[in-house]
Amino acid sequence: MQPGQMAYDRASTVFSPDGRLFQVEYALQAIQMGGTAVAVTYDAGIVFVAYRNLPVSSLAEAGSIEKSFAIDAGLGCVTAGLIADSRVLVEFLRLEAQRHRITFGEAAPYSLLAAALGGHLQQFTQFGGTRPFAVSLLLGGFTNRTPGLVELDPSGATIGWKAYAIGRNRRAVADFLEEKIGSDRTEEVAFKLAVQAVAEGSPSPFPPEALDVAILEPDAELRRLAPAEVTRRVQGMPFIGTPDRAKSAK
Amino acid sequence: MQPGQMAYDRASTVFSPDGRLFQVEYALQAIQMGGTAVAVTYDAGIVFVAYRNLPVSSLAEAGSIEKSFAIDAGLGCVTAGLIADSRVLVEFLRLEAQRHRITFGEAAPYSLLAAALGGHLQQFTQFGGTRPFAVSLLLGGFTNRTPGLVELDPSGATIGWKAYAIGRNRRAVADFLEEKIGSDRTEEVAFKLAVQAVAEGSPSPFPPEALDVAILEPDAELRRLAPAEVTRRVQGMPFIGTPDRAKSAK
Amino acid sequence: MQPGQMAYDRASTVFSPDGRLFQVEYALQAIQMGGTAVAVTYDAGIVFVAYRNLPVSSLAEAGSIEKSFAIDAGLGCVTAGLIADSRVLVEFLRLEAQRHRITFGEAAPYSLLAAALGGHLQQFTQFGGTRPFAVSLLLGGFTNRTPGLVELDPSGATIGWKAYAIGRNRRAVADFLEEKIGSDRTEEVAFKLAVQAVAEGSPSPFPPEALDVAILEPDAELRRLAPAEVTRRVQGMPFIGTPDRAKSAK
Amino acid sequence: MQPGQMAYDRASTVFSPDGRLFQVEYALQAIQMGGTAVAVTYDAGIVFVAYRNLPVSSLAEAGSIEKSFAIDAGLGCVTAGLIADSRVLVEFLRLEAQRHRITFGEAAPYSLLAAALGGHLQQFTQFGGTRPFAVSLLLGGFTNRTPGLVELDPSGATIGWKAYAIGRNRRAVADFLEEKIGSDRTEEVAFKLAVQAVAEGSPSPFPPEALDVAILEPDAELRRLAPAEVTRRVQGMPFIGTPDRAKSAK
Amino acid sequence: MQPGQMAYDRASTVFSPDGRLFQVEYALQAIQMGGTAVAVTYDAGIVFVAYRNLPVSSLAEAGSIEKSFAIDAGLGCVTAGLIADSRVLVEFLRLEAQRHRITFGEAAPYSLLAAALGGHLQQFTQFGGTRPFAVSLLLGGFTNRTPGLVELDPSGATIGWKAYAIGRNRRAVADFLEEKIGSDRTEEVAFKLAVQAVAEGSPSPFPPEALDVAILEPDAELRRLAPAEVTRRVQGMPFIGTPDRAKSAK
Amino acid sequence: MQPGQMAYDRASTVFSPDGRLFQVEYALQAIQMGGTAVAVTYDAGIVFVAYRNLPVSSLAEAGSIEKSFAIDAGLGCVTAGLIADSRVLVEFLRLEAQRHRITFGEAAPYSLLAAALGGHLQQFTQFGGTRPFAVSLLLGGFTNRTPGLVELDPSGATIGWKAYAIGRNRRAVADFLEEKIGSDRTEEVAFKLAVQAVAEGSPSPFPPEALDVAILEPDAELRRLAPAEVTRRVQGMPFIGTPDRAKSAK
Amino acid sequence: MQPGQMAYDRASTVFSPDGRLFQVEYALQAIQMGGTAVAVTYDAGIVFVAYRNLPVSSLAEAGSIEKSFAIDAGLGCVTAGLIADSRVLVEFLRLEAQRHRITFGEAAPYSLLAAALGGHLQQFTQFGGTRPFAVSLLLGGFTNRTPGLVELDPSGATIGWKAYAIGRNRRAVADFLEEKIGSDRTEEVAFKLAVQAVAEGSPSPFPPEALDVAILEPDAELRRLAPAEVTRRVQGMPFIGTPDRAKSAK
């Protein structure tokens, strides 16, 4: 921390002398504490892979820790950050998507949804009595069957990507993606790249059920892969295994 | 406490520099002060057992200290934390369940109720002028007669479990559950496991009336066991007995 | 006080690091400054006895310092704490009771009224810009002519009792009650026990008019005993007498 | 002041660790700075006498400094404390009295008016963004032609009295009243007692016009005595005279 | 300032431990910085004289600095304190007067207007988020053609006077008035007394146009004297003259 | 700054112990940072001249920096202070003028507009959550074809002038005006005086386009002089020239 | 920073003693952290060029980082500052433009839109509970086919320019523009000037896709140049090239 930083870091409504909004930066810090999530576009769709910060307990229903969410046909997202904050934003997206569908009789363009969500996030960085959302989100969709991804962060900024990472070790994982990504990607290639990227950002070894994997294709609802399918497809990858039994981390 | 923690721990609307919401963590601390509560699913239902932080006084009506609550047919919960906060959340769940029943003509899926309650809890972690609820809650219900449990905590996060513990010594009790739980559980087995788990987390010996026990089965209202039935079923368990007479602890 | 306590004790909306709500605890402290009040159930009803913190002045109309209040037929309460706060809560109970009677055509169950009042009290512990009520209250009523008592405190928690004490020296008085209470109580026995218990918690000797005594029986309005009747019934009790003349304590 | 008192004395919405509301106590302090006021009941009515904190100036219209106020037929009061705060409360009482008269076709019972005003005062001790009223008030009325008095203070508490004092030196004056009061009082006796009591609490000598005197009798409006009548009736009392000419104290 | 005063002097909603409202006292201090204003009643009317704190500049339109204001027929006032605050209060009085005239078909009694304005001023001493008005005001009117004056200050208190002073050196000027005032006053006598009193409180010599003079008589609008008339009537008074040329004081 | 001043200078709703409103004084300070503006009445109208705090850049459209504004026929003003604040106040005046015209079918008297604007400005000095406007303004208009000027400042006070200055070096410029002004002024004389006065308050030399000049005459809209006309009329004045080329000051 | 600056720099509603609004200044500081943007008018239109603060990653969709925005036919803008804040303001402009078009049946004059946006920005500098927008914006449009530009900054001030720069190194870039700009500019000349100016303010070398270029001509929607066209037109410029590969800067 800079000297004097604490004088400006208690509210989203206060700029520091060098023009920073520290509460927004701290919200990004909260997101870093959650698991890594990655999205990779391929010729006909998008693969979303997220590491579940699983309570290390066989009592947990892994499937209940959702990281990827269907929004509407051909629209889906993966999130990193606070679980409860994420659910609020996903509800926002679903409602906006339904509103668009009812008004215009067709699915909402993903860039339009991203702009609406960005506007919602921005308000929590400008008005008092609240805090920014501690969530980053990769929203995917299609323009004429060409896949596209938009990243949203607590500031409400939106940036488009071919493939990107959010959550823990985001920068290193993005660098990994950039280095390894090829130009013509099939679903199989994209899936492997995404899983490897998530493994880059996560403690290993980890069991297959630590991965939340979903595939988005045009005009269809986001397909979350069943645990068995995930297990089958990641078989033999070097970072898949049983973590040391430690006391439940939750 | 970390140095500097006090600069960020007075409001739910302020992130610390490392992205923590201390008021939410302190609410969890308040829950730790209450009694242990456990829920265990079995083949045909769910057993809820909670330790009542009884005023050590024969004047008290033990039955008035409720820890488990019926929500609707096939829907129930057990709580840990502040009594008055719990009552507010139970009222919320009952109202949501009725609203769903009136709108759709059938009982609400427990996961839907959990999401609604999670959204309610989240708001108390993002908007100012209030504090988070100091309650953890295990909500149980059925999907096609298969029992399911969702844990809710002050952050509004929701996680699914086969069996879990909240309140005092939650982690140790959850570890005990994980170690002892078998795969095919009858009501009898689940009952014993749950009572033993609660005893793990509680001071002993304690009298049978310190236990609030309830059974949830599909399509039926939560059945809270009468004191006599509890006494009969826990007879002979090593931790059941008369506590040293101390001055009323209340 | 703990070191650091003052950092968390100015608002009901702030948890301390160990999960305490100090403003609620301080409100309990305010209640300790008022007189002792006791309620004892017996076979056919409830006796309420409260010590009036009388201004030691023959100018005062003792009857104007009310501690016990009729709510509806078969419903009554005794309070300890701030006079003006008590009046607000009694008005709340009366209004709820009337609302229930008008809606359902019968008296409200006392446990329902207690839950409603508990919810009201809870709100003053969770929302800002206000303080908790500095009142404890023993609400009595009947279920099928069986008497019951619920204690409410500033947190909004509700606990059922056969007999209990609130206000000054509450714990010692409750211990006295537990020790002396028998199982089959007539009105006469309950009256004596309650008066003795109040005397345990109060400075003595005191004149009969320092006692506010009321009897609740099913389907009838709370009957506040006239001063003459109180004088007659407490005659000869060792703690009844004339206090040393001190300057008006008010 | 206690050490640490200043940490809790800035708002009505904050209890001190020992359960005190300092802003309410400070408001009582403000009332002590105003003149003494006394009310004494007698067989057929009530005498109100108040010392006007007169600007020592022959330019002032003494009659404009009102301390006693008619509320409705058979209803009146005397106040001590801030002039402007008093006017607000008197308006409140007059409005409540009219509302009752219009609704029920008869004058409001004085105890009902006192409870309503007490509720109003209480709100200013529990909700933020405001301060308590700095006024004490003795409200008089009749029940079946028997006179009664209720004292109200900034906390909203209500206590009934046969005779009582508010404002400067309230306690000493009340002790004087208690010592001198007899049981069968005529208007003449009550008047003399009230004037002597006020003189006990006030600097002397003072001129007759420093006294605001009013008589309340059943079914009639409060009768404020004309200056000439006051002068005639207090003639020869030892404390009546001309104060040393000092510079205008205002 | 007392030690500790600063802990209590930032808001109208906070009493000091000795019951003072410092913001109200500071508003009175602001009024002391403005010019002296005086009102003197006489047999058939009221003379208002105020010293204009003139920018010492021949460029100013002296007539634009109004200190006396017509409210309605037979109703007028003179003010001291902040110009903009005064205008707000004068607008309040005019509106109240019109409202009364429209409702009752006659001019409002001046004491009624004073009470209404006092209530308005009081609210700014009890509710947060605002400050008291920095204005004192002498409101004049007639009861059956007998002139009367009410003083209003930032606390909202109202006191009646035969003659009085507000603004700079208020106390000394009031003492002067009391010493010099006679019992049967003509307009001429009242005018001279008022002008001399204002001169007591003001720096001298001053030019005639520094005086704002107005006469109020029954049923007629306040008559503000034209500069020429003022000049003629003050001719020869010892304090009338040309002030030393200093740089514009504004 | 006085010692202790900082304790009272953060809000418009707090008086200092000597009755000052520092935020209003600081707003005046902000106005001092802007360019000088002058208005001078003459026999048939008013000349407004303002120095534009021009970014020293030939890229700027000088005409876009407006200092004088038409309000309605025969109504105009010149401002000093924050540009955005000025625009808000000019909009207020235009709206009020239109409202008057629509209601009464004639142009609003300038003194009425000034009072309305003064009331608007006053509210920002008495209510919390906002700051005063950092604008001074000279509003001009006509009464029976006689020109008049009113000055408004952040306090909401209004003073009338024959000629006056606001903004940088206001006092020195006003002294210059007072010294040089003659009694019978033609437009030509007023124009020269105003330009010279502005030059007194401004850094020189400056180019003609640094001057915003406008003429107001009865029943006509304010006429802002075209740059060419300004250049022609100021030709040969000693302070007109090309400033040293310094880096853009903006 | 000045000594004492921190006492006044936490809210837009507080002036410093020298009349500054530090939060507005800090918002300008935030804008300095973003990329440089430039607009240059030419005979028949306006060229907007902005440097995208590109995450140095081939994964990003450069086109998703928009700096220039179409508002309506013949209306467009370029922005510098926070992305999410910019989107809010662009939405404001588009809505205002549509509202004008619907009401008046023609495109809104750009100066009218600028005034409306300026008013919106000003409110965030005067009312509490919020912060200023961290955006500067150059809005372009036409008056009778003559192009015009207005700069808006966080204070809400509006200034017209022939050509201007916002964002990083704004002053140096504006000086460059002033020095190099000629009087008769074709689109080609304006384009080159704008690109060179942006390069002055930006780290170099940079790839063509770092430039967001758009052309505005009368009655047509803003035309954003396709990446290929930009690449072709900047070919051979000295600052175009491949930046050193550094780790992703985002």
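By letter and in written order, the chains are A, B, C, D, E, F and G; residue numbering begins at 1 in each of them.
Note that in this section contacts are C-beta pairs under 8 Å (C-beta built on N, C-alpha and C of every residue); 3 or more make two chains touch, one makes a residue touch a chain.
Since we're looking at a predicted model, the values are computed, not measured.
Colleague: Among all the other chains, which ones are in touch with both subunit A and subunit E?
Modeller: Both-contact set = empty.
Colleague: Note whether the interface between subunit E and subunit F is symmetric in residue numbering, meaning over half of all numbers used appear on both sides, and answer same or different.
Modeller: different
Colleague: Rounded to the nearest 5 degrees, what is the angle of the rotation relating the C-alpha atoms of subunit B to those of subunit G?
Modeller: Going from subunit B to subunit G via C-alpha fit gives 105 degrees.
Colleague: If you average the CA atoms of subunit F and of subunit G, how far apart do the two points sit, in angstrom?
Modeller: 31
Colleague: Just give me the whole-number Å value for how far the CA centre of subunit A lies from that of subunit C.
Modeller: The answer is 55 Å.
Colleague: Give me the residue numbers in subunit B that touch at least two other chains, ranges are fine.
Modeller: Residues 128-129.
Colleague: Using the touch rule from the top, collect the residues of subunit E that touch subunit F in their complex.
Modeller: Subunit E residues touching subunit F: 1, 6, 9-11, 22-23, 26-33, 55, 57-61, 63-65, 82-85, 87-88, 91, 124, 128-134, 247-248, 250.
Colleague: Applying the document's contact rule, which stretches of subunit G touch subunit F when the two form their complex?
Modeller: These residues of subunit G touch subunit F: 4, 7-8, 12-21, 115, 118-119, 121-122, 125-129, 148, 150, 155-164, 171, 174-175, 177-178, 181.
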